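Once you scroll down, you'll see the structures, which are given as structure tokens.
Each of the next two complexes has chain A plus one other chain: chain B in the first, chain C in the second.
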Partner chain A sequence: MASVTFARVDKIYPDGTRAVSGLDLEVSDGELMVFVGPSGCGKTTVLRMVAGLEEITSGELRIGGQVVNKVEPRQRDVAMVFQNYALYPHMSVFDNIAFPLAARRLPKREIRERVTRTAALLGLEEHLKRRPRNLSGGQRQRVAMGRAIVRQPQVFLMDEPLSNLDAKLRVQMRVEISRLQKQLGVTTIYVTHDQVEAMTMGDRIALLRNGVLQQLGTPQELYNRPANLFAATFLGSPAMNLFQATIRKGGDGLAVDIGSQCIPLPSIAVNGHLSEYVGRRIAVGVRPEHMIEPSAVRAGHPRIRGEVVMVETLGSERLVHLRVAAEPVVTDDLLEVARDVDVATVEALRDEVREGAMVAVARFDADAAVSAGGPQEAAIRPDKIHFFDLETGMAIR
Partner chain B sequence: MGLFRYSWRTFLREMLLLALAALWWLPFYILTTTSVKPSSEGFTSPFQLPGHPDLGIYAQAWQGSGNGSLGQALESSLIITIGSVMALIALGSSAAYVVARRGGRPGNVVYLLFVLGIILPYQLGIVPLYAAFRRLGLVGNYAGMVLLYTGLLMPLTVFLYTGFVRALPRDYEEAAQVDGAGHGRIFFRVVFPLLRPVTGTVAILTGLIIWNDFFLPLVFLSGTAYITLPVAVYSFVGEYGAQWNLIFAAVAISILPVLGFFLLAQRQLIRSFGGGIKG
Partner chain C sequence: MTVTTEAVSRPPWSRLGARTGRGRTGGKPAPWAWAAPAILLLLTIHYLAIAAGAWYAFTDWSGASPRASFIGLANFRHILQDHTARTALTNTLELTVCFVVAVNVLGLLLALGTRRTLKTRNLIRSLFFAPAVLSPLAVSYIWQFIFDYNGPLNFILRMAGMGSQQRAWLGSPSWALWTVLVVLVWQFAGLAMIFYLAGLQSIPDELEEASAVDGATPFYHFRRVTLPLLAPALTVSFTFTLLLGLRIFDQIIALTGGGPVNATETLATQVYKQTWVYGRFGYGAALALVLSLLVAILAFAQLAVLRLRERGG
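On to the complex of A and B.
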């Protein structure tokens, strides 16, 4: 077991691509750290540097306190689960799992014993004689896991290990990997671009964008206190609602103008630096679950008006899509996150800008009386409003 | 069932194809029938079935000409072919692996040299080669022939292997590296088995070239007891100029091992030519 430390690590590929910049963080002993971020943000590169498959351009990488920049992959004692598993196609499941042990020249008897034990742990006993190509996706995934855990390495590296599985299997394996990791207590770096995986599996999350660390913390910290617009939009589904607004003095405190609506801010919503922004445009963010039906709260809550364009009934709740006359927030960060979802999302964002109105999502009770087409107010939980500087994208705290 | 109706046109087409196929069989027919006819009959009625098939001709052919028995030639052919092919596969695959994975300028230069080796006709260098081999004591023995063929066919072998390795995903090697395997283990346990399809191609291609080669064994082995089948068969022509039945019997004998090999290995061969690697 060991910790993994990145000290100002840079990676520039030979063709000049800057994949990782100034990465500075420590994965503690026994921790499961999730690296998450949109496609191309450098997650795989980080993992490959830890494995030793990619040279480190500058900075220092330490495993268990030892600098490993120049250490060969096979001497690093890390195990990696590849995105496509990279199971040796010409070997049986048994030989695949046994390979790392055979490479260490363990005695045959011990190899047999350990492979059998690992196979039992993963429910692979019946498949030991089969070839990888004759296995289902989930079984292959397990074999890849088996090959990683059989040698009890210092560090596990997993590159989107679940992305090739269907949704149901993904949920199941998610739980299984978490359980296994806790049981074995091996330091793990887990890469994914699925925010749900990141939230549910990670002890901590490192959020990357363009090779730069955006925020590091527990899933709750990232969710409750996003450090910037990018973190705010990347985590959470449906995503945080972001309105452009002007901050101004109003009554005995501050208020925000969202479109034509002036919403006074209770003192609990206001924090230290917000008053410095009086008169300027900022981004106001509210998560759907903090926009609730007005009848559920006291009168003092700030409210926002809109027109209901759609109601999604999910059984336990209703997602109310409110068209609010306000400018949406469109920054490079947001476009990038949108692009990662799909092209249609980017288009929708552009449409909203053109029309000067945006659709916000509110989470109402399942029995709330709302119907599409009518006007509707939503109450906002004042302690859950986020403010961001529009220019830097940083949270205003 | 309804999709395909058997009509007159289909029938005619089938007949045509069968006739074409028969055309291909004609040489074999003549070869086998002539080889069991008295030699006079071969000239007077080449297409007729033999009146009294005489397998004794084969026995006589097997005895060989003055230059040694066909059995001895068969042995030489087998040893030289198998030895050379094995050397080609062992050296060619590892050389190509390094060339393909080393990449960069040095890798490309070495690769280019190999490609050049395919293009240049070796016959141009045969005289100095012979002189050098002679001085090294490599003329008239198996070791010399194996060395000769390994060298001459190495460019082709490396070319074939390199193309294949370049298309092979690196993931398996990287996985093996992280799993703690050294270079040797990675090559022999992971890469080489994945090269099986191209190894099959190389074996057949070079094997046939060596097996059928006439010129080099003629130059390097004539007059010794180690001549290969093609040379041995040719020496029949000199000695029994008019006895085509004997010559044809010898040809049939020399074809037989190749034919047998193809029949036995058919399935693997087709798989190795047609198949890629399936994960």
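On to the complex of A and C.
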């Protein structure tokens, strides 16, 4: 096993496209690091650079302390699981798994033993004679995993390996990959655009945007303390509610003006640098689960008013869509995240700007008495309010 | 008024299928009923003509005389005793085997060399493929000039200090067949290249990347991944070039006329000469029949072997 170190790594394609800029991070020995970000953020390029399938323009890439910038893929001792599995269609499952060992000319007996052991680990014993085309998506995925595992490489590289599976199988395989990775203890770099995969699988997450690392940390760190607007909106479903607000002095402390509503901030909500923003426009972020039914909290919690436009009943909870007379936050970061979702999301964001009102999502109890069409207040957990500099997009802390 | 769509969708002769009760699918017209007119036309025009031609192989018809007497297998016995015919058969097989191997190896190398994303790859591919669409006669006359004793090839050899290697390439009995082979390979390597390019394009690049990460050398990848996945292209190219090789005629007639001393005589040239030059239509038809059987046997045998390989047997 080995650590993987990126030291100011850049990747610029011949046409001038900058795919990765100044990437500086270390994936520790045995760690599962998830690279996540929207389409085109450079996460797959990072993975391919580790595999040796893309040249590094500048900087240094080290595997197990050894600089591998100019080392051929076959000499890097890494194994990769491709998005489309890249199984050899003319070979049986046995031969697919055995391929990396046969390429290294290991004795046939050893190959047989290792393939059999790997197949048992993945529950593929019954399918060893079958061809990939005769396997289900999940089985193919397991064969691809087997081909990576059998060689006992220093590093596993996984390029969106679950993206071709249906939702149910994806959950199952997510657990299986995590279990295997922990069992084998192999350093793993996992690329995905699915935030759920990133949150549930990663020991740490590296969030990328336009080839630049936005935030690096544990899933909880990224979720609870987003470094900027991009991180705040990329992780979390439904996404964090972001209101444009003006910060001002009010009563004993600070307050924010969101539209026509003045919301006093309890001291627990105020951090060191927030007072420097008095009189300025900022972005106030609240996750849906921190906008709750007023009756569920004691008096004194900040509240926000709106008109209920829709209620989604999910069984365990109700998502209340509140139309709040407040300007939404629209920055390049947010538009990019919206674009990654779909065109309709971008249009909805633009409509909100035109109308000067935005829809915030609050998470109420399942038995909360709320219906569409009426006015409604939502209480905000004061210790869970996020503040962002509107100009830089960075969190105010 | 009731309109039946059945009358529109059924050909009138589909009743034939209905009467036998075979080939019917839920009351719909038998599929073969639609194909019957074309099949009948093909049988009449094509295979009837071939059968008629085959019948002359058992006669002594001269081609000019109104009479053709049935002589049984005499023409075939004569082929076995005819030194020229046996030479032609040997030449045909030698030329075909060498042609198929050389043209496919070269075609595959060209395809591998031009599949990469070179900016000029389309131009290069066109240049290599161009000879295949040229007239065989035009190609032959150009090469006849190149191979002439006073032609460019010997001139280059002289300039390179290899004057002792000069020869009448097409006039030497020991060199003529191989010289013809060079022309054939030059003309058709580009065609094989196209078959292999099509095959290579159906192999995902991801497999090459996967095998590189898996530790395979380029040669190992080629042997274990590319070549097996090219099996369908190999089948098409080998079969096509085999048929081409066995029936090569134009280039030989234009380059050597079958000479010198029958050195480049093939079954195809012999069929032509015996039939049209010597007026032995029956004997020529017998040679044509032998050639056709040879083509059929070799093509089917090769196809069977290659198909077996495709299925990984």
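Quick note on the criterion: the second predicted complex is superposed on the first by the 397 of 397 C-alpha atoms of A that agree within 3 Å, B and C clash if a C-alpha of one lies under 4 Å from a C-alpha of the other, contacts with A are read in each partner's own complex, and residues count from 1 in each chain.
Please note the rule applied: a residue touches a chain if its C-beta (ideal position, glycine included) is under 8 Å from a C-beta of that chain, and two chains touch if they have at least 3 such contacts.
Every value quoted in this text rests on a predicted model; they were computed, and no experiment measured them.
After superposition onto chain A, partners chain B and chain C are found to clash with each other. Residue contacts after overlaying the shared chain place A:8 against neither chain B nor chain C.
Shared-chain residue A:273: touches no atom of chain B or chain C. When the two complexes are overlaid on their common chain A, residue A:86 makes contact with chain B and with chain C alike. Legend: residue contacts after superposition of the two complexes on their common chain; A:133 is shown touching chain B, with no touch to chain C.
Of the two partner chains placed by superposition, A:397 touches none, neither chain B nor chain C. When both complexes are overlaid on chain A, the residue A:179 reaches neither chain B nor chain C.
Overlap of the chain B and chain C interfaces on chain A comprises residues 51-53, 72-74, 76, 78-80, 82, 84, 86, 88-90, 99-100, 103-104, 147, 151.
Residues of chain C touching chain A in their complex: 204, 206-207, 209-217, 220, 224-225, 228-229, 231, 312.
On the side of chain B, the complex with chain A involves touching residues 169, 171-172, 174-182, 185, 189-190, 193-194, 196, 277-279. Those residues of chain A lying in contact with chain C across their complex are 51-53, 72-74, 76, 78-80, 82, 84, 86, 88-90, 99-100, 102-104, 147, 151, 157.
Residue ranges of chain A in contact with chain B, taken from their complex: 51-53, 72-74, 76-80, 82, 84, 86-90, 99-100, 103-104, 132-133, 147, 151.
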